[in-house]
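Have a look at this one.
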């Protein structure tokens, strides 16, 4: 039974983010640190980027959500990710997991399995290939395959059931599954994949939404809707991916309830 | 006795930066490396980012100022920071120290104390919570508290006296203290804290100003005035934090003497 | 005998990049990771940034070109660079080498020599000082000296002959040499050096062009022409280096055959 999204509930979450300004702790990749920090600030959250093993537990201790993104992985950072996920689980704050490039190399797929076996995340967000690779480690990612067909839906539900978490498959439409029910979001613009790290931005913002929205299926779906809506608004003003990135941040900052009502595609 | 700022002297410093193009060596955090390098280029300086222990001394050897920023700290980088500060002290070039997140974790506060005990910086720039944490290690940072009230002023003067350096407390107004006298700068815009790393940009630019202005109190105050003025000019043209960041760099590049005269708030 | 550039051939390469969307593996510096990934996406290529020794061989195994950039060098990353270059040589995909800051420290110059002795790159791209430092290790870089005079031409041809590769000396005009013949490109704008990492962007895009253009002299020359043309188009719309960076990405994305015809300077 698909869930219907409500513009009002999305707006409520955004207002709560503004009111609470949740501290979102990110262990993420070098490529997107700047842009994801700016996206979190624009939506009203407080970003922190820190990865030293000596401070991970303390930093998670003052955070309201944890975002783990394996984009530019290395051994030391994996140790930090493990400690952070353990600390977040102990403190019972939401954990968003972004398996960037899972399937592209055995090292990435193996690292994802290690991290996910140890601590259950709240949400896993990836493109179809990455999610497939987490379900079936024989899948070899070649570039980005973001078409949502029947296989990813089954893969997402299977992974969600196995790990008792929410799984988001990003693409032209986004699928949000919790093992039983699912939500689709249909906003977005074809220029968005031309900007590096907007998927990572989705994962980061999911940290902010999860901090204020206790239903992880809704937190994830609201994030994807907001990403898509802001992408559409930004694309109207953009002349290419450079200006899209800038307008996207401005759109996140300026987003109004009316814009959500006008743009939301159920 | 508060010091009055002079638009003419600020402009003189900027012209000297343009003439000399000082090489500013930054050991800074991953989040802001790109934006601070661009800010340094825009004001007319030459940025270098390097952290390998094997080359730190050589790189400081050709630099006119050193900027240490602990934003995304880790053990190896602390070693590099120590060596860089030692080399800078030997060479007697200005050292700007940005204690990002001091007080947020014990590791950060402890690292700041270690670095500052070893080598006296020329300027320490942080927000009120960070500066308070350096004075009283029992202070626990929770988010960003940038209100300048009586406590930070006392803290800044006490820290400045103890370390014989200049201490800058950034906020809505900025306080620049040297243990005896102090300067306030009142420029800036409320959108600026919505852009990640503008505080780090202030520290980086302070490296450029300190390279050409031998009075560190003035170098720091001129930097904060220029930050605020460029932020105001950028905010007039911006629709949000995304476009503010872009216009801010353009404003730094285009800044004229007349704009400083028109905008400077004493 | 200088080679003449053809707008038609440049356009053919761009169309092939769009058709093939070559995966370009970058081991590059922290400062430019975001902007170079965006440039590769804008031209139609697929960027990957990964440096873990555990996955280097696998990642190179699915890539169509490798870009090595030593901007923010450290020991672990050198190991990754070596493995990546070995894997790329085995797989016979193009290797672009960017010796950022060669000559500035002995560590950088030495590292370049180590890497270049081990594996022959397809193209080396640097400014005049960096290229000179690779030829004569007694050259000490002081800031950026990008004037093309007779010495760099000789240095470039000598280096190209010795390593049997193409050498690009970037500057106001760009020199592309293969040890026998050479090409000059004359496009570009004086605002471009005010944006951090546009040289690194040239090296990254060279990865994309080399993946589709089997003549490395032409691949390098076409890249430099496109960089310069997009810089000119962006500069017409820019108010400073902040907006130049944004318009540059948009220009890469929108670049048309007619624009190449109109702007190309032989």
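Lettered A, B and C in written order, each chain numbered from 1.
Here, a contact is a pair of C-beta atoms (placed from the backbone, for glycine too) under 8 Å apart; a residue touches a chain by one contact, two chains touch by 3 or more.
None of the values given here were measured: they were computed from a predicted structure.
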Same or different contact residues where chain C meets its copy chain A, judged by the half mark: different
Rotation angle (°) superposing Cα atoms of chain A on chain B, nearest 5: 120
Length of the line joining the C-alpha centres of chain A and chain C, rounded to whole Å: 33
Sites on chain A at which at least two other chains make contact: 30, 34, 245-246
Chain B contact footprint on chain A (complex, rising order): 21, 23, 30, 33-34, 37-38, 41-42, 46-52, 54-55, 58-59, 62, 76, 245-254
Footprint of chain C on chain A - complex, ascending: 29-32, 34-35, 71-75, 101, 104-108, 142-144, 193-197, 238-243, 245-246
